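Read through the structures below before going on.
Two complexes come next, and they have one chain in common, chain A, joined by chain B in the first and chain C in the second.
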Partner chain A sequence: MPELNLVQAINQALAQEMERDERVVVLGEDVGLNGGVFRVTEGLQAKFGRERVVDTPLAESGIIGASIGLAMADMRPVPEIQFEGFLGPAYDQLVNHAARFRTRTRGAITIPMTVRVPVGGGIHAPELHSDSPEAIYSHSPGLKVLMPSTPYDAKGMLLAAIRDPDPCIFFEPKRVYRSFKEEVPEGDYEVPIGQAKVVSEGDDITVVTWGAPVFQCLAAMDELPDDVSVELIDLRTIYPMDTDTIIESVRKTGRCVVVHEAPRTAGMGAEIATVIQEACFLHLEAPVQRVTGFDTVMPYYKLELDYLPESPRIVQAVRECLAY
Partner chain B sequence: MSQATTSEPAAGKRPSDGLSDETLLKWLYDMQLIREFETRTMQAYQQAKIGGFCHIYSGQEACAVGTIGSVEHDDPVVTAYRDHGHALARGMDPKACMAEMFGKITGCAKGKGGSMHMFDKPNHLYGGHGIVGAQTPLGAGLAFATKYEREVLKTTDKKRVCLCYLGDGALNQGAFHEAQNLAGLFSLPVIYIVENNGYSMGTSIARGTTMPDQLTLKAKGYGIEGLEIDGMSVLDVYDKFKPFADACRDEQRPGFVDLKTYRYQGHSMSDPQKYRTKDEVEEFKNRDSIANLVDHLMNKRECLSEDEWTEMQKEIRERVKEAVKFAEESDAPGVEEELYSDVMVNPSKNMSPIGKYIEGAKNPLL
Partner chain C sequence: MPKKTVYKATIEHLQILNEDGKLDASLAKNTLTDEEVAFLFEQMVIWRHFDEVAFKLQRSGRMGTYPQNKGQEAAALGSGFAAKKGTDFLVPCYRENAALFLHGLAPHMILLHWMGDERGNQIPDNVNCTPISIPIGTQMLHATGIAWAYKIRKEPRCVVTYFGDGATSEGDFHEAMNFASTLEVPCVFFCQNNQWAISVPREVQMASETVAQKALAYGMPGMQVDGNDMFAVFKATRDALDRARKGGGPTFIEAVTYRLADHTTADDAKRYRDVKEVEAWTKKDPIIRHRKFLESKGLWSDKKHAEVEAKAKKIVDEIIKTAEGIEKPSPADIFNYTFAEIPEQLRVQRDTMRTNSLGQDPSQTGLKTEHAHTR
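On to the complex of A and B.
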């Protein structure tokens, strides 16, 4: 089986789905001729033509608005927004339109649109190019928020998202884009939306995370003593959240650390801690800990790794949680 | 609903001369239906039977009826929040429209959308939309889809054109400029119809936008041909808009129309209207589009008698009364069935207290 990195896996998913379904249209700034800012759409325009891989003006509200119009007419638009910070101008279209049309039309009109967005820090980019806004969009009923961390999941989740009748925001962790390769089946497969993955099973403590910090958590596990048994959960879909997997794990371990890049206050960690105290209160041996970004603007690259939840902070939180 | 039947006009005549009496009588019916519907809507709002916000279309009837009457039924239509007129002109059942405002299960969105969110997919109406100008990129996308269906999917040979309505206030919204640029750049068959009633809420157009008397110049900046039309006469609307829309359809390109009109009521139901005088409102009421058309049909075409007009008004009154009665008597959406329904397709435990996705009951009227 060929080994692909995250970029290649997403590219393959797009190409295969465009081949399979002629209603799939890719559009965005520089997605065609240039192959996208991170080269994720490389080669697609040459293969499928300018009618299907559309270079648009630099206009996020227009790109997402037009994609919603396409989706209303039963197309399968896959717009790319170059960086998560540039979702701002399109927020109105995403939250006030895409998220709500199923409700407004009693299910007659749905928005099968998948917005691909590179997300997160760790590549020495400035703020607006390193942010993690997944909680903002998870707070908008009607949107699905996805963030795969591996090439295998990225391909399967992207195929599931494009075929899903609802609007999906597909966050791609930039730090993982070319960081490693793994085996990715050439054929068609879907990784279901709304299903977390238990990356490693364990009995002492649950660590919940998603996106690039999955790998910081794995690094932290290497640094912990061998007799500490960590259950690592990669959420994969932020919303709708697979709370069952979290609850089941914490009922077993009694301890939990949540790790995310986004700022702490009102981040998804707050939601997960609440779900745990609601469902696992009598099982808890320690308060849920959060290892997150800070309530500041994402700093420029010299301070980047101090802001992000790197492995030393995760190790410390796990130790404290175990020692409580 | 308002599909025109025409014969070729003789040389020197106006396109509307070729319209049949039946078509014009139907348009009169539709315009009066909208007028009567809005009168009853205001009453119901004042009686607190309609909640939320409510924007009345009275005065602008010739805009929706004339432009929608100039295109095909399967041409997509998308508009802003003053949308009852477009919904009725497109053929939405007045019962579904009224019930929606009453917040009842029989409304077009099962009483969960309200006045600003009229959708009717079978009639190719892709919504009223509540955010000023935000519907304009949707119009570009709908036009893109019609083009894509013909040129890439090849599922149809038919050239279609999208009508995207906006108010003059939306001229100043960023999204509209992005949408026009996209439409111009990709040559998308969308016609941006500015229903220019002179006021964006309480701000007159002269206080709100540049070149208020030459709006078509704005579109020209995006390579889009523009046209000014008097929106107080449905015949003028048709005479100018029909050939313009035909050209945009044939050449598969965008258009821009400054459709000059006037709203008789305030911006919404809670508008003190300090920004205009009663005399100004009267001046426009003297040019009323319905009175105009009645006069034409009685005295020029001689296809409508006083008695027939009285009878038509009576019939419409009854129909709208029935719609109000229907709305009043319909049930409110049930909490169990509808509070959590139609959000997204996948089940999600934490989405609602009942822990599963519900596809709500379908509306029998649509």
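On to the complex of A and C.
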């Protein structure tokens, strides 16, 4: 099986789905000849032409609003927003329109659209190129929010998202884009939306995370004593959330640390901690811990590693939770 | 009944100094004096060198992503020089460094910004500009608001806001144009049409023949100038500012120029644009024509040029030393500017550099850690 990085796996998924379903169109800023600023759409325009791989004007509200129209007219738009910070101008179209059409038309109009968005920090990028807004969109009913952390999952989840009948935001952690390769099947497969993955099994404590921090958590596990047995869960889909996998794990371990890059307040860690106290109250040995970004604006890159949940902070939190 | 024409429009293009360094003397009247051109040309040489060195800093890992200004210096300097330093206000994008420097911004601050340090945006009170703006097309509304305040307070001040050709596709641009013209605010919309928005050429970006004609839809005067000609840029901007200062409202100026470098250091323009196109525009480089002009006047020579280049090297070396001499900010700075007064829960995050409850308050765990906070 060929080994691919995250960029290549997503590229392959796009190419294969465009081949399979001629309704799929890729659109966005610089996605054509340039192949996107991260080269995720590289070669697609050469293969599928300018009608299906479209360099749009520089307007995010336009990209999402027009994608909604394409979806209404039975196309399968896969718009790209160049960086998560530029979801800002598209917010209205995403949250007030894409997310609501099914409900407000009682199912008469639906929006099968998958918005691809590079996300997160850690790559020395400029302002508004390093944020983690997944909680904002998970808090907006009607949107599905995905964030794979591995090439295998990325391909399978993207295929599932494009085929999903509802609007999906597909967040791609930049820090993982080229960080490693793994075997990715050439054939068609889906990784279902809404299924978490147990990355490693353990009995003492559960760590729940998604996106690039998966690798910070793995690094933290390496630094913990050998007799500490951690169960690491990669949520993969942020909404709808696989609460069963979390609950089952915490009922076993009695302890949980949630790790994410986004700010703490009203972040997904708060939601997960609540799910745990509702479903695992009598199993808990310690308060659920959150290792997250701070409640501040994401700093420029000189301070980004002080902001992000890097492994030393995770190690400390796991130790504190275990010692409680 | 016969149809009648209800609206007709034309867009004028102004060039005063052509690519060969030939000046249209009648158009040049009451624009720049020879001394001013020599001064501005020296600035051009210095900031071109700054730009090249900034590129090298990125390549050698001493700075993050940087967008070169190369080729667009005449647009920045001609317009910046037309605005009154200390009175007027600049609201930039990121490709007009030289205009900001003319208005007193310390150049090391631009480097600091691209070195990932917010202190590069900490504009001193006596410099009239906002920091460079990364989200495309957003700052023109802020410029409109600033100009509106000047109008409300009847201050004889104006705003010049800068943005690219691509930025005119954003909805915010159109809202700014409409606000500015309906409220008749003293704002000059200065579009640096450098032909590209990353990999997207102007003709893919928009179906309109010129960018300037977009102004007409908002009832705003719109014109095109040769953006590599400081005389034309200066004249158009100064006239627009004069009118705005007298209550005549906003103007849109499209400066036709070219991005001679990659979009940023993260870009590779060879992927999407023809080297022949770049070569053709290289001949229109503002450095070439302004030098030719000054030489024809006996105001410039090889010797003078070498002197200015040596001076540029010294100045830029000093700027880099200043930028690199600034120590990494304290992690507390992540928190200290979020609000005027830091909320209690944020103070705890700052003082512990932790977000988990047991890390913030170790007394709960029974663990002794060195991270006990200062509550």
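FYI, the second predicted complex is superposed on the first by the 323 of 324 C-alpha atoms of A that agree within 3 Å, B and C clash if a C-alpha of one lies under 4 Å from a C-alpha of the other, contacts with A are read in each partner's own complex, and residues count from 1 in each chain.
Convention: a contact is a pair of C-beta atoms (placed from the backbone, for glycine too) under 8 Å apart; a residue touches a chain by one contact, two chains touch by 3 or more.
Just so you know, these numbers come straight off a predicted model, no measurement behind them.
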{"item": "Touching partner for A:Pro57 - first (chain B), second (chain C), both, neither", "value": "both"}
{"item": "Which of chain B and chain C A:Glu304 touches, first, second, both or neither", "value": "second"}
{"item": "Touching partner for A:Glu320 - first (chain B), second (chain C), both, neither", "value": "second"}
{"item": "First, second, both or neither for A:Gln45, with chain B first and chain C second", "value": "neither"}
{"item": "Partner chain(s) touched by A:Gln8 [first = chain B, second = chain C, both, neither]", "value": "neither"}
{"item": "Doubly contacted residues of chain A, that is, touched by chain B and again by chain C", "value": "57, 59, 61-62, 89"}
{"item": "Contacting residues of chain A [partner chain C, same complex]", "value": "29-30, 32-35, 37, 55, 57-62, 85-86, 88-89, 124-129, 257, 264-265, 286-287, 289-297, 299-304, 306-307, 309, 313, 316-317, 319-321, 323-324"}
{"item": "Touching residues (chain side chain C, partner chain A) in the complex", "value": "64-65, 113-118, 134-137, 166-167, 169-172, 197-200, 204-206, 266-267, 271-272, 328-329, 331, 333-335, 338, 345-346, 349-350, 353-359, 362, 364-367, 369, 371"}
{"item": "Residues on chain A engaged by chain B in the complex (per definition of touch)", "value": "22-23, 25, 51-52, 54, 56-57, 59, 61-75, 77, 89, 92-93, 96-97, 101-110, 141-142, 144, 164-166, 193-194, 240-241, 243-244, 275"}
{"item": "Residues of chain B touching chain A in the complex", "value": "76, 78, 108-110, 112-113, 117, 119, 121, 126-127, 129-131, 134, 136-146, 148-149, 151-153, 174-175, 178-179, 181-182, 185-186, 341-346, 348-351, 359-360, 362-363, 366"}
